[in-house]
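The same chain A turns up in both complexes below, where it pairs with chain B and then with chain C.
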Partner chain A sequence: MTRLENYTKYLLAGLTGLIVAALYAPIVLTIFYSFYKSRKGKVDWNSFSYEPYTKLIYERQILESLMNSIYVGVVTVICSVIIGFYFANYYHTSKSKMKEFLQFIIFLPFLLPPIITGLSLLIFFREINLPRSLNTVVIGHTIFVLAIVFKIILNKLETLKPSLMESAYDLGASKWQAFYYVLLPNIKLSLIIAGLLAFTISLDETLITLFLIGNDTTWPIKLWAKMRVGFSKQVNASVTLILILTSLLVLLIASIISRSEKKIMY
Partner chain B sequence: MSEILELKNISKSYGSTTVLENISFKINNNEFFTILGSSGSGKSTIIRMIGGFTKPSSGEIIFANKNINDEPIFKRPFNTVFQDYALFPNMNVFDNVGFGLKIKNKSKEEIKKNVLNVLTVVGLEHFSNRMPQELSGGQQQRVALARAIICEPEIILLDEPLGALDAELRKQMQLFLKEIQKKIQISFIFITHDQEEAIFLSDRIAVLNNHKFEQIGSPKDLYYSPKTTYMAKFFGECNLIKCRVTNYDSESIKVSSAFGSFNIPKNKNLNNESEFIYGIRPEEVKLVRQSEKSIKVKIKDINFRGSTSTINATNDNGDSLIKIQNISTNISKSLSINDSIDIEFNTDLGSIFIE
Partner chain C sequence: MNSVLNYFSTSIWTIVSFILVIFLILIPLFSFLSYSFFTVDGTDIIHEFSLFNFKEFFIDEIYIRTFVRTIFLAIIVMSCCIMLGYPVAFFLARYAGRYKYVILLMLIIPLFMSYIIKIYMMRSILGYSGLINKVLAMMGFIEKPLEFFLWNQNSVIITLVVILLPLIIIPTFTSLDKIPKNIVEASFDLGCKPFQAFRYIIFPISFPGLIVGSIFVFILALGDFVTPQLVGGTSGFTYGKIIYSNFGMAFNWPFGAALASILLFVSVIIILLTNYLTNKLKT
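Right after this comes the complex of A and B.
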């Protein structure tokens, strides 16, 4: 290897390091400042404490908003996976030309700016006199994440051989039996992955939520409101906790995917 | 033998593409019936219609004196062995084979007894805990077959089941299929594009060509009495010679051809002056010593293969070719290219095709 190549290598490595640092430094700092205090830009190294975390327990509003977010997330997962599977299965098995239109409709809310999706849902709910609540948020989130859930399940369905379901019918299974004994076990992983992704997306969705939420509040919205009246250590602490939670979820998804890939390789 | 299934004037088209045109045939009890055709000839469509996966555009499928065109898949007493096996990847061998019984709500003991029984029949009794992905192609094939056998269907439909196997395994599975069909006494409808396979396995063969059945019959029928020139060339080789009747009398028929005149046995379909194509297989052309009945031809080339040799010969003008396959004899020993030889047709085994 020539010297020039060596220099280039180090230069690229350094550049990569800088970019990674720029991307992740804010996150690291957020975690850091949940434990340490700073004054006029100087870190007080003796100020380490868990206090913001223990105090979080007394922040009823943050905790309540977190519970709301989890509620919205869970219900969104259930709705979107069921509807997503139904549409994906229809898209996969139907010969109708309408199915392309269906796919377009499913993807539209995901591709449109969230402001448009949120606003149009708000207008729609007002027209049909549906009061805003966590449930309208669930509807909004479901419509939003449906595209991803649909696509993940559809991809899995398309890897299955058509003869799989046919052989189930051939051996005497009714539609339900074929679904329960054959289809469901074979697409289980994709349902779980789709559900986890739907949950993480729902958890931090802010813009659509902002339009659809009534008197309740979800976690990202609560944080946003809190930021306007100044920073508090508890915000840092709750961000850190959610960061850990979502990282774990992402890890879980990744491990499920790699495990299922290994199974296929086998 | 009694008939159990009949397809009557079945046609199938997808949009403007015709796949099958006016197909009719009957399946007998305990019969190994093969549908033979090139890929894309619509042979899979036939058993997909019997299995209930697609519906015929017109015609009737009759089982036990009843039209079953609209019977749903799971109610038909047939089971299919798919080309890609279609084993359930989420179940082990035992559960795959037991699936049909489980659906029928049989008791656990009964399922266990039957599954182990059938696994023994297909020689996989030690594999019940394996997952399908852990089996070789041939083993997966056996599981797929066991899964069908256990349901005790009236007919097992096999959609090119050996297509994905290598040559060696294919031979083994052919033997296996033939033996097992005799043992379990269930009719098989078998799809293949391989002629040797069809001849080896089948009681009867239906040859599919141009969306229609060219001929249905036993392997011997198809070989010795082909009904069309297509069929004559389909199994093995066949010399096709244009002939014209020159003399028709009560005893025999004299015909003329590019190779000269020869006599053929009486035939109702021919009369004086009628033109036809005479089919004679290379092994039914004999080398003889010159006589009144023999025909003179000139050797173009010789393929010497030890006990059998083939000779390509031409007529005097050199514009017509005939292939001769002979068991090596004293006469053939001294032959070389451009020699004149005398041949005779074994006219008992010649075929007459009137166009």
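Right after this comes the complex of A and C.
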């Protein structure tokens, strides 16, 4: 019986290894092609160069789209964290029946296929004559990530004891003081995690963005447009840089989570 | 006086926040649903109620056929993800020991990595002179490169599985990880065979996580329009791609909205159904 278990263990480990390899294969290939040339499917092993990375400075279109993506990401983070915190706090403290309804609505754009969120906002913006721009993209991203931000902050709020805020009020803190000196330090990490996650998602959001984008392009949309003519090595280089950035962001989130879990809760 | 003011300021904020959500989520959804009853005349949209779009959907059988095929495609993608993802989550939770979070993190990171790039690179993996064909040829399994990987349904399925797999591993792992080891050991002490322990203890506890992941995979595979566009070729087009094309080149927004509202209807039914089933299982 133990031998059987050993076999299953190795079998499963092998499968896991294969799946990790499959998930990383497209990414590794991208990085590879940013350094090496290939012609008709054959790789030229002597063509190693990091020139595409230095040439990237001259690719105005790519850089511009990157800047747009970062702008959209930052504004999305600010909006979604503020709104998400407000709703989480409302959901946590309110006793009204409306809060379940609120949660249901917040989760809709996250649960429905992105294509539905994208096209319903597109139609809405047309009906109210709001021209498409980076700001409409920000709105789309914000309502898409709102559910995740809301849930992360709410989970943290629910771990806090009600006595925490009550004692602050008893000691004479105003509402604002209680928020700033008591609540905020306690939920700071969850706000940071939610913000980083929102940024990471926004940076790569494609399906909703395709509907809401105006004349300016974000980075994934630029890639989508470039794909028809094939990728230059500079594009691969920019992809590699962004991949490094997102991996670092995810690692940062993970390390914050694991550190905050180790902390003793008061 | 102060408390009255305080009360009003809170309720004003509450009202503002509700209005915000209703304006940005509910009203767009309603305007999209109402669009599905409009018609188009050239580049003008006629804001009058008609069932023309739905009639079109049910009369022209290509739409229904594509819809059914896309549902099947999403089911296949979901089943593949379950079959590959569940064992991995099981391995992580039970055997990976101290490395389990490291491996989990390795599985999560690709989820956040460029969606477009992953699809694009799948082309050079699955293609005629792609990685798979080259490796197979090198190992002597095939003489001529295989063609069934690219520009058809298979390539769409493989690509979606690679992209969506982490979504099923994460929730399944979290529910498997919660199972205390001593429960399983106790079942062994009581004479359970390994398979019985899995069938009656481990699997039921992990089921809700598996369901959550499966639903995410199913819905995302159902509504995807970028993957079929990039790797699907002519035979691999899906329902989502038809919807998207009505908002692009075809410029028939009302008809696209009507097609999407059918998609919405099906997704909502599936979400409600699973919600109902998981609640029933809990009790």
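Operating definition for what follows: the second predicted complex is superposed on the first by the 249 of 266 C-alpha atoms of A that agree within 3 Å, B and C clash if a C-alpha of one lies under 4 Å from a C-alpha of the other, contacts with A are read in each partner's own complex, and residues count from 1 in each chain.
What we mean here is this: a contact is a pair of C-beta atoms (placed from the backbone, for glycine too) under 8 Å apart; a residue touches a chain by one contact, two chains touch by 3 or more.
Worth saying up front: this structure is predicted, and the values here are computed from it rather than measured.
More chain A residues lie in contact with C than with the other chain of the pair chain B and chain C. In the superposition on chain A, A:A13 makes contact with chain C only, not with chain B.
In the overlay built on the shared chain, the residue A:I148 is in contact with neither chain B nor chain C.
Applying the stated contact rule after C-alpha superposition, one finds that A:A194 touches neither chain B nor chain C. With both structures placed on the common chain, the touch criterion links A:S120 to chain C but leaves chain B unconnected.
Contact with chain C, but none with chain B, is seen for A:P26 once the two complexes are overlaid on the shared chain. When the shared chain is aligned, chain B comes close enough to touch A:L164, but chain C does not.
Chain C makes touch with chain A in their complex at residues 6, 13-14, 17-18, 20-22, 24-29, 31-32, 35, 84, 87-88, 90-92, 95-96, 101, 103, 105-110, 112-118, 120-122, 124-125, 129-131, 134, 162, 165-166, 194, 219-220, 222-226, 230, 240, 243-244, 247, 253, 256-257, 260, 263-264, 267-268, 271.
Against chain B, the residues of chain A that register as touching in their complex are 161, 163-164, 166-174, 177, 181-182, 185-186, 263, 266. Residues of chain B touching chain A in their complex: 51-53, 72-74, 78-80, 82-84, 86-90, 99-100, 102-104, 133-134, 147-148, 151. Listing the residues of chain A that touch chain C in their complex gives 1, 4-5, 9, 12-13, 15-16, 19-20, 22-27, 29-30, 40-41, 83, 86-87, 90, 94, 98, 102, 105-106, 108-109, 111-116, 119-124, 126-127, 139, 142-143, 175, 200-201, 204, 206-207, 210-211, 220, 223-224, 227, 231, 239, 242-243, 246-247, 249-251, 254, 258.
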